[in-house]
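Note that chain A is present in both complexes that follow, paired respectively with chain B and with chain C.
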Partner chain A sequence: QVLSKMESRMRATINQKLTEMGERERLKEILRARLTECGWKDQMKAHCKEVIKEKGLEHVTVDDLVVEITPKGRALVPDSVKKDLLHRIRGFLAQHAT
Partner chain B sequence: MKMEDMPLSGPDNTRLEALAHDIYSELVEDACLGLCFEVHRAVKQGYFFLDETDQESMKEFEIVDQPGVDIFGQVYNQWKNKECECPNCKRLIAASRFAPHLEKCLGMGRNSSRIANRRLASSNNMSKSESDQEDNDDLNDNDWSYGAEKKSEHLSDCISQNSPRRSKSLKHKNGYYETLGPDEVRSLLTTQCGVISEHTKKMCTRSQRCPQHTDEQRRAVRLFLLGPSAPTLPDADAVETDSFDIPDAQPLMSRLQWEDSDISPTDSASSKASTNHSDSRKPKKKKKPSLPLNSGGSSSQSNISISTKKKRPKLSAPPISSIYDDLP
Partner chain C sequence: CISRVEPRLNFPAGCSHVNGYKVDNWKQNLRVIYQCFVWSGTAETRRRKAKSCICHMCGAHLNRLHSCLYCVFFGCFTKKHIHEHAKNKRHNLAIDLLYGGIYCFVCQDYIYDKDMEQIAKEEQRKAWKLQGIGEKYTTWEPTKRELELLRHNPKRRKITTNCTIGLRGLINLGNTCFMNCIVQALTHTPLLRDFFLSDRHKCEMQSNSCLVCEMSQLFQEFYSGHRSPHIPFRLLHLVWTHARHLAGYEQQDAHEFLIAALDVLHRHCKGDTINDNGKKANNPNHCNCIIDQIFTGGLQSDVTCQVCHGVSTTIDPFWDISLDLPGSSTPFWPLSPGGDGSTVNGESHLSGSTTLTDCLRRFTRPEHLGSSAKIKCGGCHSYQESTKQLTMKKLPIVACFHLKVRSLCLPQKLTVFFVFYSKESRMNGQYQQSVDVLNNDNKYSLFAVVNHQGTLESGHYTSFIRQHKDQWFKCDDAIITKASIKDVLDSEGYLLFYHKQFLEYE
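Then we have the complex of A and B:
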C-alpha cells in the first residue's frame, strides 16, 4: 500500500516526535517488561535452545536466530500486552498527530 | 490508494490506526531482535547453557508443584496441628499458641497481668512483705509497668508504716517512687527534680533546675509524695527555715512574688491559719532574686501588685487578705 506524500510526511513527523520525546524508548521498556512478566521471554529462550541444539553451538549465527525467532515471537505476544501497547500508541497519536 | 488532502474523520482514523499498528509492529520486532542478540552473545560467550547440568541433578532439583508442599518439597505447616501439654495447667494447647499461653499461665511475660494480680492480692491481704518481693520482680522485668495508679492512701500507708523495704530500695532507685521509703523520697527530692513523667511514671532525675519541668510541677510532686507538711524545695542560697517568723511579713511576701506560682491560695491560707510555721515551707528562691522587702503593710501592697503583674492566677484576693489579718 503506497502512502501519499502528505501521509508519509505525517508519519515521519510522528516518528520523529516519538523518538525525540523519549516516548519510543519508554514504550520499548514497557513492552520488554510486559513480555518478561508474562513468560514470553522464557518461552522464546526455550525455542532458541532448540534452534541452537539443532544448528550446533559453534555454528549458530544471529541470522539463524532472527529467522527462527521473529515470526514466532510476533505471534506469541499475548493479546493483553498487544492491547496495552496499542492503547498507549493511540494516546500518543491523539495528542501529537495533527 | 491515494489519500485526500483534507481527510474526513473516518479515513483519518483508519490512517492513524494503521500507523499505530505499524508502530506497534516495529516495537515488537525490536524486542525480538533484542532477544536474539542477547541469546547469540550468551551462546558465543559460553554462558547460555550455564543453568543446565546433567539430567540427574536437573531431576533432583526440579520445581515441586504439589499441594501441601512448597516448591522445594518441604512441608510448611507441619507443626500447625501439633498440640503441647502445658506443664502448668495441663491443658492441650496448639503449638503456635503455646508460647503466649505459657506467658499468661505462668504469670511471667509482659502481658501476663501479673501486676494486676499483685494489686488484687495486696489489696486483699495488705501484707507488706508480699508486696515487697513482687515489686522487685516487677521492676526488674517490666519497662513500662506503673504501680503508681495506687491511691495516695496506699502510698501513705507504705511510707508511714516504716516499710522494711527501705533498706532494699536503694537498689531500686530508678525513678519509681512507689518503692521508695519516705526518707529516700525526701532525699531524692532534695537533689533531683523529681517530677513524675506522665507516660513512664518515673521521677525525673535531672537537677532541681531542669528545664523540662517547672517549679510548679516540682512542688506538686513533693506535695503528692510527701504530703502537705513536706519540706519545700531547697533554694540555691540555702536559706534557713528555722528563722521563719510569723509576725514578719517578709517571707510571706517573698513567697507571693516567686517566679513560678508555687503556693496555692488554700495552702498558704491553711498553713497560715494553723500558725505553725516551724515546719512549713522554706521560702524558695528561684533564678530571679526576690525583690527587696521592707516590713509592713505598704510594701506588702506593692508586692501584691507585683505578683498580680506576674500573672499569678492562683493568688486571689481572699487568701491574701486572710494573711494580712494576722499581721501585727
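Then we have the complex of A and C:
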C-alpha cells in the first residue's frame, strides 16, 4: 500500500512509542494467542506444508514460504482479532498521549 | 513409551560464510546485536531500538527489517534494500530483526548455525525474563543422545491418522460393564491421559492399594499398542476395597461408579497436590489434584426471599450435573419453543424434541419453592416463600452430564456453548441471559457417551468414545468397533462427557 507522508510519519511515531514502552511485545503475545485460538496458526501451518510439498523440501527457501503465505495470512486474520488489537492500541495511545 | 518425534533430517549446519563470521570476538558482538535490536529487554535498549531500527534507505520500520552483521546498517528485506547493501559492501550476512534469523546472501536462504541458534535462544530467554514474561513454552528439541535412546526403544510408536492407539477392549468380569464404560471414558479424557502418560503421579501410599497408581497402569495398558482385551481384575478389586457399596457381582450404576471412582482417585492424589509455595495442600476443599483441576466445577445456588428480595448464596463443588428432562414430575415454568431458546447454538428448536440445551435451561431456571417449602429468611427473620436458582459459577474443564430419565430420545449435541450470565443482568434475584452467547471460552466438545440398554436389574452398558478428532469408536466390553458421528448422536445418552475446547493458563 502507498501511504501519504503524514500517515507514514504517524505510523512510525506510533511504532516508536509502542516499542519504547514494551507494549509492542505485549501486544504481539496477545496477538499470538488470539491467532492460535481461532485456528489461524494451524491454517497457516497447513498452507506452509502444501507449499513445501509443491516446491520440494530440498529446494524451498524461507523466502519462498514468506512470499507464498503472506497474502493468504493477511486475508485470513479474523475481523474480531483485528478489532481487538486496534482497540488495545487505541487504548494505549489514549493513555500515553503526549 | 510413545514417541511422536521423527528423527531430525541431517541438514548441514551453517554455511561457509557463516563460519567465516566466527572470528575474534564474534559471540559477544552477536549478543549485543540481539540485545539491542532484536530482543530488547531493558528500557534503554527498547528506546534505542525504537529510534534506530528503521531502514537506512527508506526510513520504514516494517518490510522485514534486517540488520547487517558486519556494520551498522538497517535495510528492508521486502524492498531489497538490505540486499543492495550486501552486494555493494560484500557484507554477506544479515539478521532478521523480527525473528532473529541469520540470512546469508550468497546461499540465499536463512542459515541455522548451531552456535548462533544457541546464542539466539539464550538472548531471547534473557529478554523475556527482563520483560517479566518469564519462561515461555518452547517445543522440545531432542538432543543427539535422546534421539539415540528413542531409536533403540522397541516400544516406540508412531501416531498416524488411522492408528488405533489408545483403543483396547475390556473383559467383562461379571456384570462389570458399568465399570468398563467409565474406564473407557476416563482413558479417553485428553487431559487425564496427558497427566498419566507423562507419569505425573507421585505415590505417597505405603500399601499397594493406590487407585491412582492402578489408573496409571491402566493408561500404560491402553496405550501400549496391545490389541487383546485387557482384564481389569486389579482395578475391580481396588474399587471393591475402597468403595464398599459397589462391591459384589450385581449390576451397578455407571454414574455411581463414576462418582465413587473420582472420589477415590481424588483422595489418593495427595502426593500430587503441591501448591505454589512448594507446600502440600492439606485442605480437602482446596485440593489442586488433577481430578479437581479437570472435573470440579462450582454450582451456585441463590435463594431469593419473595418478601424482602434478599439473596442467600451458596457455592458447592460438583463433578457432574444431573439433568431432568422436561416433562418429568417436578413442576416448572414452561419453555416457549418459539422464544429465545430457538437460536442458541445457531440451531432451531424443533417442537416436540428436547435438546441438551433445554435440559440445561431447565436446570438453571428460577424455581418457585412454594408455600410448603418456606425458607427462613435472614433479612425478614421469619419463614418466607422464596425462589431458588442454580447457576454454574465455575465450569469444569470436563463437564459430565447425567440424564436422569432415559426413555425419551435426546438428539445429542457435538458441541455445547455454555451461556454466561453477566452479573449486571440480574433482576429480582433472577439472572437474565446475556447477549454474547457464542463465546469461544465456553465452547465444549463431546468426547464420550455412556449408554444403557434394558432395565436397571438386567441391562447392559456400552460407550462411545472419541479417539482422534472425528474418529469415534463403540466400546462394548471387549469389542471395539468403529462408529460414525451419527451413531453417537442417535444413541440415547445416559452420561455425556464434554471437554472444554480452549484451555487457559492460570
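Operating definition for what follows: the second predicted complex is superposed on the first by the 82 of 98 C-alpha atoms of A that agree within 3 Å, B and C clash if a C-alpha of one lies under 4 Å from a C-alpha of the other, contacts with A are read in each partner's own complex, and residues count from 1 in each chain.
Here, a residue touches a chain if its C-beta (ideal position, glycine included) is under 8 Å from a C-beta of that chain, and two chains touch if they have at least 3 such contacts.
Everything numeric in this text was worked out from a predicted model, so none of it was measured.
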Please indicate which partner A:Ala12 is in contact with in the superposed arrangement: first for chain B, second for chain C, both, or neither.
second
Chain A residues touched by each partner, larger count belonging to chain B or chain C
B
Contacts for A:Glu20 in the overlay, against chain B (first) and chain C (second): which applies, first, second, both or neither?
second
I'd like to know which partner A:Glu37 touches here: chain B for first, chain C for second, both or neither.
second
I'd like to know which partner A:Val62 touches here: chain B for first, chain C for second, both or neither.
both
Intersected contact list for chain A, partners chain B and chain C 11, 15, 61-62, 66
Seen from chain A, its contact residues with chain B in the complex are 1-4, 6-7, 10-11, 14-15, 18, 24, 27-28, 31-32, 35, 41, 44-45, 48-49, 52, 57, 60-62, 65-66, 69-70, 73-74, 77, 82, 85-86, 89-90, 93-94, 97
In the complex with chain A, residue positions of chain C that touch it
40, 43, 46-47, 49-51, 53-54, 59-61, 64, 101, 108-110, 131, 133, 440, 502
Which residues of chain B touch chain A in their complex?
1-3, 5, 15-17, 19-21, 23-25, 27-37, 39-40, 43, 48-49
Residue ranges of chain A in contact with chain C within the complex:
8, 11-12, 15-17, 19-22, 25, 29, 37-38, 61-63, 66
